[in-house]
Amino acid sequence: MRYYAQIDGQMLEMDIEGEGDDLKVVLDGETLVASLRLVSPPSLYSLILDNQSHEVFVENRNGEYVVMIAGELCHAKVQDERAKRLAAVTPKGHANEGEVVIRAPMPGLVISLDVSPGDVVEKGKGLLVLEAMKMQNELRAPQAGTIKSVNVQQGERVENGRVLLVLT
Amino acid sequence: MRYYAQIDGQMLEMDIEGEGDDLKVVLDGETLVASLRLVSPPSLYSLILDNQSHEVFVENRNGEYVVMIAGELCHAKVQDERAKRLAAVTPKGHANEGEVVIRAPMPGLVISLDVSPGDVVEKGKGLLVLEAMKMQNELRAPQAGTIKSVNVQQGERVENGRVLLVLT
Amino acid sequence: MLKKVLVANRGEIAVRVLRACEELGIATVAVYSDADRNSMHVRYADEAYNIGSAPARQSYLRGDRIIDIARRAGAEAIHPCYGFLAENAEFRNACDDAGLIFIGPSAQTIRAMGDKLVARRTMRDAGIPVVPGSYDSIKDEDHALTVAEEIGYPVVIKAAAGGGGKGMRVIKSKDEVAGALRGAAAEARSAFGDDTLYMEKMLEGIRHIEVQLLADRFGNVIYLGERECSIQRRHQKLIEESPSTAVDAEMRRKMGELAVTAAKAVGYESAGTIEFLVDKNKNFYFLEMNTRLQVEHSVTELVTGVDIVIEQLRMAAGRKLRYRQEDVKINGWAIECRITSEDPYNNFMPSVGKIVSLSEPSGPGVRVDSGVFEGFEVTLYYDPLIAKLIIWGETRAQAILRMRRALNEYKIIGIRTSIPFHLRMLETARFITGKIDTTFLDRINVLANDGPSTRTKLAAIAAALVAYRSRHDLIAKSLADGSAGPNMWKFNARREVLRPR
Amino acid sequence: MLKKVLVANRGEIAVRVLRACEELGIATVAVYSDADRNSMHVRYADEAYNIGSAPARQSYLRGDRIIDIARRAGAEAIHPCYGFLAENAEFRNACDDAGLIFIGPSAQTIRAMGDKLVARRTMRDAGIPVVPGSYDSIKDEDHALTVAEEIGYPVVIKAAAGGGGKGMRVIKSKDEVAGALRGAAAEARSAFGDDTLYMEKMLEGIRHIEVQLLADRFGNVIYLGERECSIQRRHQKLIEESPSTAVDAEMRRKMGELAVTAAKAVGYESAGTIEFLVDKNKNFYFLEMNTRLQVEHSVTELVTGVDIVIEQLRMAAGRKLRYRQEDVKINGWAIECRITSEDPYNNFMPSVGKIVSLSEPSGPGVRVDSGVFEGFEVTLYYDPLIAKLIIWGETRAQAILRMRRALNEYKIIGIRTSIPFHLRMLETARFITGKIDTTFLDRINVLANDGPSTRTKLAAIAAALVAYRSRHDLIAKSLADGSAGPNMWKFNARREVLRPR
């Protein structure tokens, strides 16, 4: 089965087959022998790839894989050929396309609010400061865009997951 | 609810009531306040009894409780008053009453067989030697009695749980 | 020796102190909030008492309840550890009134060192070099302008009651004075209920180096070498080591002797720490004194062989200091990485949740001081410090290599932690060569992704293999079940659509 | 330094050696059987190669495959650890032939010390006191009777190829000679394929004390003090400590110097151990030499500060010994408890199964060298030693208290282990006062139940509370479900019958 992994702006194509501890990965014309074991559920795997031993954390968030190796974090989008063909024939939802919803990553107090609706922000721009656990934490723009709405006020106490801002 | 615990040849009666971290145990006219939490499933509990903090391993084997505290092992038979009344009205099975079946506690090789059917044995008498994991392990009589049957031969390889001997 | 001690704290430090008590044969009493019923300190102690609901103000900060429990349980002494009531002079007084031994210095010492301005004056008078700046509180904007002019920009405004970077502002030029003053005063008022401010020169390229002290009630004071604590993020230490790459034997002796003089000047008793700022020319200046056990005391223990908590307990029992200065030798190198429940890849955002899987490193030269276990629920009620990984090595290089292998062994699943940060940090050339100062983390993003690497390819393969495996398992399971189940139906239906024509 | 090392072993000792390599920056290669795919040593190494099926004869004892993999992987050296191929002279020769460094002594030394009779002669000739007995093999019953008469009953018959108590018989009087000879010969033949026997005087009230040696290829040999290993069950050590309560500085020097002489007599290289028997009058006799790393090497590391595995690796790379005898100082006290998958309450029967929950002790002075993790499956294929708990204390008393707290912290659920044995052992007055010899466990049942104690009452309450809780949970669950479920129906039906009339 062919797999497509989009990672760090690269697209890697590979063919995977086999079972158990005898998996074969063909990538760039090279065949690698792999053994993958889930050693600590839910996310710690032991991967032996051509006799190189690695410990890898892999979390699947709806096809978006979060991979941590020796402290290095990568995000990989993985599709097999069926899913890819399926995606090609499925009409894309265009409602709210490109909208990014910024939610509270934890319960806390909104200490300051540094943007208003209509503001154009760069990636990394500080949006608001949330206080929790005796610490002030700045939330930054995950991408460049325009502030569509601001859904909280300064001094407000917010629950975990509460929508704070929407960026388009 | 009244509980009866048979342990080390003693019978302790106690009344238990309450919920959550506020349990009350009345034993010998004394009331103890208890909080019990399962901290590492399936068997490690934290027990705070009148503010004394204990870590206790408790395994339930069909009403026979195996309890380990600071390396000390106890076996307790616990019945609540309903179970006790029930036991009183249920006719006891007398088939095979008093028969003890000695099973292989692990897979291994029968190295020697030190008793024959009809032998009268003391508690603690060596019955046979099983070899596993490079070690020879002697199985001893758990109680005094007569060997009813010997179900294996010297040199035989046995599976875990295999009936080796029956003692009456 | 003491017979029974109450440990008025939670988490890793409560466990650490309980262990020391147990090793001395001292009976122990723990106190806990509703959120901590299952915690390690509750299970490790001989006795455990609930002292209120989860928020610290209703439990761990309730000195009255703690003293009451110490009496009920028949404890002779209270160990406050760090945080909560450790630097609370009123609590110390209340212990005295209740006839309980408070393991720490006198109320007077706590108070004198707690007010950073009083501390500055005390140290100046004792002949200790102090960071250049004001010795009186800043009255108003004019006063601030005058003082700043005198010491020279950039300057820092700080709260006298302060700590942890609160009520603090850096001022680069005179235009910024008014705004900074207002901001710092407001922050200090809200954080400490006291808006007294003072000013210090902003030193550049500095290191934060501190000296550990032990003092008994007979006036004997010794120093146990220094700790390098320059790796900080927003004034929170992340990595500490002992010794420091910036300190040689002569400088160690000088700093140590000054620290002893400082301690004697305030009649210090128990374990304490003098924090210095050290500039590029190795000049050092008194910054503040912590009148308690520090988080990072353990690195000093590993290089000196002195168990600081055991010595605290012995001295609290009225014993004389067992070590003379000449008995203290620095052997090898120790590094500590603070393991916090924060996500380094998300701006160190606190992470909450249940630890579903935990595997701690061990083996030669590895010490873990932890307060958590598998099944532990990390909440927002308390400090994010969940454990400390402390490594000893014959040399700094060996300590770094050992720390890396231990960090690689440390597996925590269920919450995000600082472990990836430490792993990446210990790979940076600047850290390895010891070229660090307090602005290290402002200047260097150790987590930066430098684009596709060999690890990127490996990550892609790992992700694809997990995808392959889970699809495989799903199909195998569906086939085994016989009933293909809803997912299988969907899969088949789609397959139909997608069949090549 | 070495660039890449293959570790030809599994379990705790493979992990321990892999850690040492990683800390020296040496790349590592692991080998594993089918049963060990998930094991720690496989995950810790840089490279891992499958070498066959679970039984050791088809994997870890396959020297040919291991050498083949070392070549393929480009390893320069092989560390055999203990057990498996560690004392196999043919394997050492095969390594030499393949141009691989075997981390251990020469094939000749391994062979000379592997034959206990040759070893006895070699040591006698080197002037080392040897346990009184025969220096030639016992030919027949007459010969045995003559020798026994000479040295005096009781005597012990032993296998020259022996070890671990196999092919060994104690003879108390001449009537027993014939039977013992036949039994020992048969056992030796079946265990070692060699029925050569010899005879030693049966010493009484003896201790088993051994001396750790380090030797480089330049003829430098040092001793690292002694280890007390008298706590044994069927010749398997359970608890070791260093130093020994039976040895003073003078005796340590004497034993050490004799051990160095013995090592030099056989041109020893790498780490090795001379085992002595010590009688009540502190006379000591050579028993045997182990030409490899020992399980209990770690207690020596904690009191001397010397990392024995790191020194092995350095010396294998051709470096000179870094320590002179006068550099070696004994500091404090170390104790090791072997954590095995055996049920002490069931005659130390091996216990198999999955470790469903694991929590290891840590904190000051605690070292765990382990080969298992949560989820690990303990099988019957390999040795039951799953981990070692090693404690350092300033004094023996502190080490015992610390060991007790660490054992209390050590939680393994899913299999039975030796932890309860150690906990009870460390409570016995005889162990605490150091009054031990090799017959300790034959004479004292440390697990004996002395009848109802306060713990009995506590156990009864705990069991009743668990019963109460589970009944409570069951009812709550049934009520919450709405559908009372089969258990609930049964319960209700019975209740009807039992209702008081």
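Note that the chains take the letters A, B, C and D in the order they are written out, and that residue 1 is the start of every chain.
Keep this in mind: contacts are C-beta pairs under 8 Å (C-beta built on N, C-alpha and C of every residue); 3 or more make two chains touch, one makes a residue touch a chain.
Keep in mind that what you see is a predicted model, and the values were worked out from it rather than measured.
Each step here moves to a touching chain, and the least such steps from chain B to chain D number 1. For chain pairs B-C and A-C, the one joined by more C-beta pairs in contact is A-C. Centre-to-centre spacing of chain A and chain D amounts to 48 Å, using the average Cα coordinate of each chain.
Averaged Cα coordinates give chain A a centre that lies 30 Å from the centre of chain C. With centres set at the average Cα position, the gap from chain C to chain D is 39 Å. Residues of chain A in contact with two or more other chains: 40-41, 55.
Multi-chain contact residues of chain D (touching two or more other chains) are listed as 44, 357, 359, 373-374.
Interface residues of chain D, counted against chain C in their complex, comprise 15-16, 19-20, 22-25, 44, 298, 301, 305, 307, 331, 357, 359-360, 362-364, 366-370, 373-374, 393-394, 398, 401-402, 404-405, 409. The touching residues of chain C, counted against chain A in their complex, run 164, 234, 236, 345-352, 356-357, 359, 380, 382-384, 407-408, 411, 413, 419-424, 427, 447, 449, 451-453, 455-472, 494-495, 497-498.
Chain A makes touch with chain C in their complex at residues 1, 3, 5, 7-10, 12, 14, 16, 19, 23, 25, 27, 32, 34, 36, 40-45, 47, 49, 54-58, 60, 63, 65, 67-74, 76, 78, 80, 82, 85-86, 89, 105-108, 132-135, 137-140, 160. The touching residues of chain D, counted against chain A in their complex, run 30, 37-38, 42-50, 73, 373-375. By the touch criterion stated above, chain B contacts chain C in their complex at residues 21, 35, 37, 39-41, 46, 48, 51-53, 55.
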